[in-house]
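In what comes next, subunit A is part of two complexes: it sits with subunit B in the first one and with subunit C in the second one.
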Partner chain A sequence: MGRRLHVGTFDDAHQLLDAVHACREQGIEIVDVISPFPVHGLDEAMGIRPSRLPWVTLVAGATGLSLGLWFQYWASATNWPIDVGGRPFDSLPAFIVIGFEMTILFAGLATVAALFLRSRLCPWRRLRPGLERTTDDELLLVVRETDARFVPGTHSALLREHGAHAVHEEVEE
Partner chain B sequence: MSTDSAAVPLITGGKTPADVTRDVCTPLERRPTALWWLGMLIAVTALGIGVASISYQIMVGIGTWGLNRTVGWGFDITNFVFWVGIGHAGTLISAVLLLFRQKWRTSINRSAEAMTIFAVICAALFPLIHMGRPWLAYWVFPYPNPRGPLWVNFRSALLWDVFAISTYFTISLVFWYVGLIPDLATVRDRATGRWRKRIFGTLSLGWSGTARNWSRYETACVLLAALATPLVVSVHSVVSSDFATAVIPGWHATLFPPYFVIGAIFSGFAMVLTLMLVARKVMNFEDYITRKHIEAICKVLVFTGTIVGLAYATEFFMSWYSGSGYERFVFLNRVAGPFSAAFGVMVLCNVITPQLLWFRAVRNNLLVVFIISLMVNLGMWFERFVIIVTSLSRDFLPSSWSGYVPTWIEVGALVGSFGLFFTCFLLFCRFVPAISMFEVKGVLEHKHSEEGA
Partner chain C sequence: MTERALYRTQPRTLRALTVLAGVGAILFLVGLLVDSHRAWAGYLIGFHYVVGLALAGPLFIAVLALSGARWADAAAPVPRLMAQRLPLAFGLGLILCLGIPSLYEWSHSAQVAQDPLLQHKAPWLNTGGFIVRLLLYFLAWYLATRLLLRRSQGGTRGALLRASALFMLVFAVGYSLASVDWIESLDPHWFSTIFALYILAGLGVSGLACAILIFIGLRRAGSLGPGRHVELLDDLGKIAIGLTLFWAYIWYCQYMLIWYTDMPEETPWYVLRLRGTWQSLTPACLVLNWAIPFLALMLRRLRRSEAAMARIAIVMLIGHGLDLYLLISPTAHPSDPLIGPWELGPILLCLSLFTLALLRGLERRPAELSG
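Then we have the complex of A and B:
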């Protein structure tokens, strides 16, 4: 059984933000917002929690640093130690640069990999047609009709009231 | 002094988001202009000269260069340091200015990052061909090998460089691509041809622009910027360690890492300025790369140019203050020795000319700004030449002193690197949105709200 979705089309990010606030106040469920550019303040308005990507960066960076330092130590002091004028094999200060580069490399690649995985970005993914203008200049606000507060027409009226120049309905699959 | 007031808009011409999409995407969808073909012809010719020179050098050997027993580094390493330096401004604009929330970066960051990537490719070319047997270049990486395994020397600044440059290239490329994804989606959604749809559909990874995607995307961009910022500082510091860890007079200085980093930013911003002044005319981006952007870059140039001047003065002071006769001699030799002309070009172009940018009348005259930017590019190339060749040619023992005259093969390789750089850059302007559309739309949106309120 599909529920109805109302899709409001906006031109202006501020009107869209107002509409999002109004929906939240009235307890209307927001399915998603689709926009051609990031709308500032939308995360708070929709109640999206901050991304956990920084943890991925931290862990991957620490892994890169540890691996980089360990490998240099192992290669220079254990696997094939070369005595250069009696200097110590575990010359840590000399290993810092490559340790640092490995930190950045691991952290950067892992952050991007996590972004792609979590946002399900992959080369063979295709979008359904009809959303072409959302990468140009249109912002869409998608809300869902819930049974608890069902008064016919309220959703569309609310979207129009806040500046949506077009509202259409869809049935959720 | 400042014109950064809200009265001067960042993007002129009263653009709407739809205008931005159209202005940036149309040049990619039409046939290239005659000017583009002319630029491509010149760039490919230069590239051809480079390919011929380098092929000859690889077939015959390093002896085709003017290097000798005393001067072991000449044009090759000068070009390497020059191109790495050029790259730095791109990362600085895209990463550091992102962290500082400088909105003027939005219309130039895409092309500046592209510049970084192409400049690093040009830079990497020179150590590669300097090896003489470039097909063994993978020996610089630590991999399990049948020679022991005999590992690379992790205590060598040259190896640090291998890691710094390859990390820098990888992270810059990834950062650039991630920044492109929403704009590639825009191109995909405008595409009419079947192949164009397919190619950009694949490249844009199914980007949909939902609120959650944007939220995560922006977090990732800030994280990458935070990683790229210390990285870019490390890269030229490591390049300077190639010199500073040697005992050659004129190289052995603790000043080198900050001196090289600021020089890199200086030269990179000069190259950004050169490219942007051309691009805004050729690509009709005058409403996006406005006088305000040019003004901001000019201010960075006069600031970094002054620090470069201070670094030169510090070098001279330290050579005198060190009490080392060899150090003093090297610096006097730079001013009055056989390479004094190169020194003169360096001081004129890097220290004296940029000071003209203090005057607003100069900053507003785009032709003068263009000439100054070219002079800085030239001057920064000569700076590296002066550092490398004057120090090497006359070191401790007068019996081993030597001159250095580059051969046509070396000049050809330098010309070829410019050809490679501009070929890549012109292809980039042709196939990829040269202005970050989604970021410019975000900046427009702020302006609207100020006017609407």
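Then we have the complex of A and C:
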């Protein structure tokens, strides 16, 4: 059987941060925070591990750079050498621009792809009804009711105390 | 408004800096007698360094105001402190005028007489014009900076935006022309249309490194108001990544275009800097100004550590010194790089005067520093 979730709706990021701190102090499990904009200090407050996304960017960027440089070297120095104004066939200065562009292309596409895959986003995915304002000006804090500390009403009272103007309950699927 | 000083320097430190400035001044004076070309080249490095640091202050204030940024509010005294050093830079500039004959080929009428190109450029490149323009640059920068500092301490947002926009205009035009006057004209036969932007990129990198050091110093002394200082340091680190990348990008743009087109009037500048012993200094300049800060600042752990950020900032400042050395000194002694007392003396003089003025500025008018 699913457990109950309490969803608090906030207007103010500072109040939301306070509520997150209070939940952590009380040992209440935070399922997620949904916010239309980045909230400074939220990651630390929720105790989330730093994102591993930059590593995807770094590895993809390094791959793009190596591939770009290698292909140009292969094309202009090995496979089809052409004399351009007497310059050496393997002139690095000429390869930098394309190497740079390949770095950015690989890093950018890989980062977006990794983000979409990890957060299961895709163009045809629809927003759940009732959450429209979370992409505008509304912040949601979702906490889970755990058996060990079960006192009816604690969760919603705590959320309201820290400025949630609405709290509703849902049963976890 | 509080009149309490933001920071009190130990008298010992002030004495040490005064001694350093004195040693620098003596080395500079002796250098003028022994080898005036090298002494003035060193002086130009020191002067240009100080001008860049002083102008970076109002530049940061104006950029932050124009972009509507509030994230750096806790560090507001830092750029103000740098901006107040503009009169010192002007004083150093007046002394530079004495060095025109030693530094600039175009100031000798005998050489101009045998050189059609120098004659063609004479309406701009002449001693009187150089001095008048130097006075005008500093006058315009000073007035625009004063207005900006006043507007950023009170008054409406619209007035601040207008003062910022005015400063940006005065700064961009003046600094572009000044970079041509002071540095590019060291080799009056050479030209590069991207040169001013390259000098500007150097100002950004060195100015930000200096701001990071002052910020860390003030924070350790507990002089900054409440705020998320670690986040701010992290953000400064991210901007530093962008600026070092911008510097490297402009460096490469200038190099690549000259290398590709391979025109006889453009290449000598790089030929000089990529032959002989100079050859090893150009990669060193790229490593210090770009590779080390760029790679180090990618690590979040280092961006959030004051000790690491201070070290990275010092690397960037040394790198900027080497950058200016490579811009200026090869024309003073083309054969081989020389770094001795005659270069280091005047550089030491200018930088220790700047540091001294910075520390004094923290004590003298604290009310003018609050944002």
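In this section, the second predicted complex is superposed on the first by the 168 of 173 C-alpha atoms of A that agree within 3 Å, B and C clash if a C-alpha of one lies under 4 Å from a C-alpha of the other, contacts with A are read in each partner's own complex, and residues count from 1 in each chain.
We take it that contacts are C-beta pairs under 8 Å (C-beta built on N, C-alpha and C of every residue); 3 or more make two chains touch, one makes a residue touch a chain.
Treat the numbers as computed from the prediction; the structure is a model and nothing was measured.
In the three-chain model built by superposing on subunit A, subunit B clashes with subunit C. In the superposition on chain A, contact is made by A:102 with subunit B only, not with subunit C. Of the two partner chains placed by superposition, A:117 touches none, neither subunit B nor subunit C. Shared-chain residue A:166: touches no atom of subunit B or subunit C. Of the two partner chains placed by the overlay, neither subunit B nor subunit C lies in contact with A:157.
Looking at the shared chain after the overlay, A:50 reaches both subunit B and subunit C. Of the two partner chains placed by superposition, only subunit B is touched by A:126; subunit C is not. Contact with subunit C, but none with subunit B, is seen for A:41 once the two complexes are overlaid on the shared chain. When the two structures are aligned on the shared chain, A:62 is found in touch with neither subunit B nor subunit C. Of the two partners subunit B and subunit C, it is B that touches the larger number of subunit A residues. Once the two complexes are overlaid on the shared chain, A:71 sits against subunit B while remaining clear of subunit C.
Among 6-14, 78-86, 168-176 or 348-356, the region of subunit C with C-alpha atoms clashing against subunit B is 168-176. Judged by the document's definition of touching, subunit A residues 40, 50, 54, 94, 97 lie at the interface with subunit B and also at the interface with subunit C. Of all residues in subunit B, those touching subunit A in their complex are 16-18, 21, 142, 148-151, 154-155, 159-160, 163-164, 167, 170-171, 174-175, 178, 181-182, 185-186, 188-190, 201-203, 205-220, 223-224, 227-228, 230-231, 234, 238, 241, 437-439, 441-442, 445, 448-449, 452.
Partner subunit B is touched in their complex by these residues of subunit A: 12-14, 32-40, 42-43, 46, 48, 50-51, 53-54, 57, 61, 71-72, 75-76, 79-80, 91, 94-95, 97-98, 100-102, 104-105, 107-109, 111-112, 114-116, 118-127, 131-137.
For subunit A in complex with subunit C, the residues that touch the partner chain are 40-41, 50, 54, 58, 85, 93-94, 96-97. Listed in rising order, the residues of subunit C touching subunit A in the complex are 228, 231, 252, 255-256, 259-260, 262, 298, 300.
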